């Protein structure tokens, strides 16, 4: 199996009462499909996986698989409890998911040896392809390049890295590891252009829950139209992320998804609906940018 | 029920294979009892609660209760999944635990409104006394003083705060909230003296898994022997914490507990045993300080 | 010469056009004297020394000496150019200043060996007593405890440390160095109480440009009235610093000094007068606290 | 006058006794010329300008001009004392320097209004072209994009920005300001490739005191040979910077310059010569990379 291109780190749509909304999930995948995304990534950070029980995660994974329209699925198995990661990995394998993504345990942060022990343990219980997930601003710990090189050498199941650190220096070190079998993905939409120019395999782009701009940037770069790709990144994606992240992450993504699809959605505790002025600013800003985006052809 | 004095944030003793060691737990409580500690706090950060499954946590709580020798027990119910916190809280009430401790959801960090929604939800499902746990270096988020004041006013069940931030400015703001019904605990052993002088109700002191020095500091201050208390803090507890934290938190506490009690203990993945030189340094340093401590009478 | 007690890190009063106002300087010293402060510290951070030319610094020092009413004077000789520090030190000695204060070179940050080389060079050109000034949030670099111990041993001229880091852990390490000949001063007014309880020699308190509260806290502690001292710190000094620092440091101190003394003062570029709403908030807040302070007798 | 391409932020060569070495300066410029650099930038951070007296700065500027071989010269006028910046600017104009570079005042950090007041004051005293210098890790303060846009609109003398923050998000915002009259330079050598792909005007590259690799990267990109440019950046410049910055900035640049040119140079207090093992590692690493670089043709 080959990986690459644009991946959507899916939101987990909720009903007003905070339970998962399966209909909205199907609708979300329809939208993502329409945007031209090839790979779904349920249960990532944008999907607020740490707020979902194990049963909910399994149920959501199944529901994503059922509506997946043949797309590749990479499932988040994040947990500080190694046994839980293994349990989700097994479930994912059972229902035909293609690959899994895992970050270092969080809250109590492991050192690099601990990260190796965590991945080694998980990999001894699954045959699925696995992606390392570097997201120090949430997990509290970096996966060092050395650690990645070690794990890559030890385990052929490890097929790449998603880096959401936003540190382009770290990222350009990572890109040296790219090969046919090993892929590097940028997890920050506003760094997609620069990352592709550095040789990234693609991007895990939260905005593709909402618009196709990241897909366009990716396709334009592949076709050599780098100038237009850069303009879309700077004039559309950068301000889009500013609006979406003007409230506590990842609430803005949910808010605008509900709005644009006319869904009376909700938030899982401890997420809370933003204040009215904040809602207004985000919706107006996003609506403006969606129009703006059409100018860049 | 009144709270105060020194609380032990218990380590969770493991066997070589990483499973919980019930015999060592009983021995640990014997030791803590011998140190003169009045309150046990299982499933805190020192207890690496995020690495334990829900079943393990319940089992450990029960085992602590069974060996508790009549001590007050405050149980950690930390989780980013609100439903899990509620489940542990209910179990704790069922088996006669006195109170619970909760920090803000982690990894995906809630804002202050989110923290309020999280605590409100949990408190609507339990009648136990609850302590707020501020530990931004692990949870990634502060509980603002305003938020604490709001929650304190809304919920009479909230009986205090454990602050492990290490920020004495924040802490001295907190101490203004101390009353007969509301207690403030310092979570950093090396700030116990200063915190007591600011009016703290006591300390949640990790070193009391290993020695009685924090209890001595507390008792000396209560008896007005502040100069000696300060000497013990500076000459024993400060260097002790330097040794214990010279390896990834909280591994040092486990290492020395196993050593001093001649237990062939283990570590829960992704904790790893430190390198041999590191082990040597910690054990030698701690042994020296345990002797040193006897000088300060 | 013995040092100790409360020291005022003097603002440098400016005229509307940004030049130094000698009359206002005299008035400032009268006020400081009325507050009961024993030692003047011109050309510190509160005095925005880095914005003043060498000639201005000398002129200001002389003017402080002329109006000093017999108080001890400790002069800031801060500069990244070692030769400049030496030049001011020599001038200070010539006009009868008692001691000097120096922080590590800034902008290009020296390592610990560099700090030692800087102080060694300066001390080879002056016989004045010298205080080390640890203020990493401005200088960009900590003076390690080891470095302080080394310098203390090498140079008997070094008579103490002013620590403005706000880190009580570092500070409590420092207090172990206190002796008859070596003094440790707290540079953050809101940590004066805690620092005195740890054995500090006194405080370098910016609020004593404006009120006598820090002097009262110090005197109360010396007389054993610690509870009242703590109340003044928490109820007056802490909120006072919040108001004063609600605008870019140290503008708030200048603003309120001009206001309370009815001076039409100015700011040295690149300081700028705060916005009208900010001015209002600071003046109202400070005026309220000055009244509030009278309650604590 | 048009600006662009690669600029060398010159070291200031010192003799053993710490005084400026004019012969070594001439030799340095010969080397830089040989590397194909078009513009000299004396008195920047790499030149440790904050450690030099005003007289030394003037003398060094003159000496650079005398040996400049017709190259464009952009002089650093950094100081927290506005009057000093003006004095150097005037001197620079008098001796025929082309442009000046200025960062926000440091140690006491101005807010954005203060930065505007600082630049406004300086610009009212000089007709030279000026570049804004964003280097928050040294100056302690960012120049906001809004501030840059304001200053750019107000003052036609402002001809561009040198950004050394290393933050590619900030930098990509900056590149939107690039025009025929307004240039944006990357100040971090290891981000040169990415910056050029984002539309930067060029780079201010410290390694061009020592090797021609950054010039090669720049020229390759201009000729469309981006793949080779990227390889040189990743395989040569990135590890080069790791070696050079393995000791306190900017000592490594001086060390290797002295070594490769067989100069018995020195360091200005508070710079200190690194330890022997550190010297060895830097020299060996750099020598290896200089050879390595030849492979990438």
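When the chains are written out, they are named A, B, C and D in that same order, and each has its own residue count from 1.
Everything below uses one rule, namely that contacts are C-beta pairs under 8 Å (C-beta built on N, C-alpha and C of every residue); 3 or more make two chains touch, one makes a residue touch a chain.
Predicted, not measured: the structure shown is a model, and the values here were computed from it.
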item: Equivalent interface positions on chain A and chain D, same or different at half; value: same
item: Chain whose mean Cα position lies farthest from chain D; value: B
item: Chain A and chain B, separation of their C-alpha mean positions in angstrom; value: 35
item: Rounded Å distance between chain A and chain D, as computed from the means of their C-alpha atoms; value: 38
item: Chain centre separation (chain A, chain C; CA means) in Å; value: 50
item: Chain C residues within the chain B interface of the complex; value: 166, 168-169, 172-173, 175-176, 190-191, 193-194, 197-199, 226, 230, 233-234, 238
item: Touching residues on chain A, where the partner in the complex is chain B; value: 45, 48, 50-53, 78, 80-84, 104-111, 113-115, 117-118, 121, 138-140, 248-250, 269-272
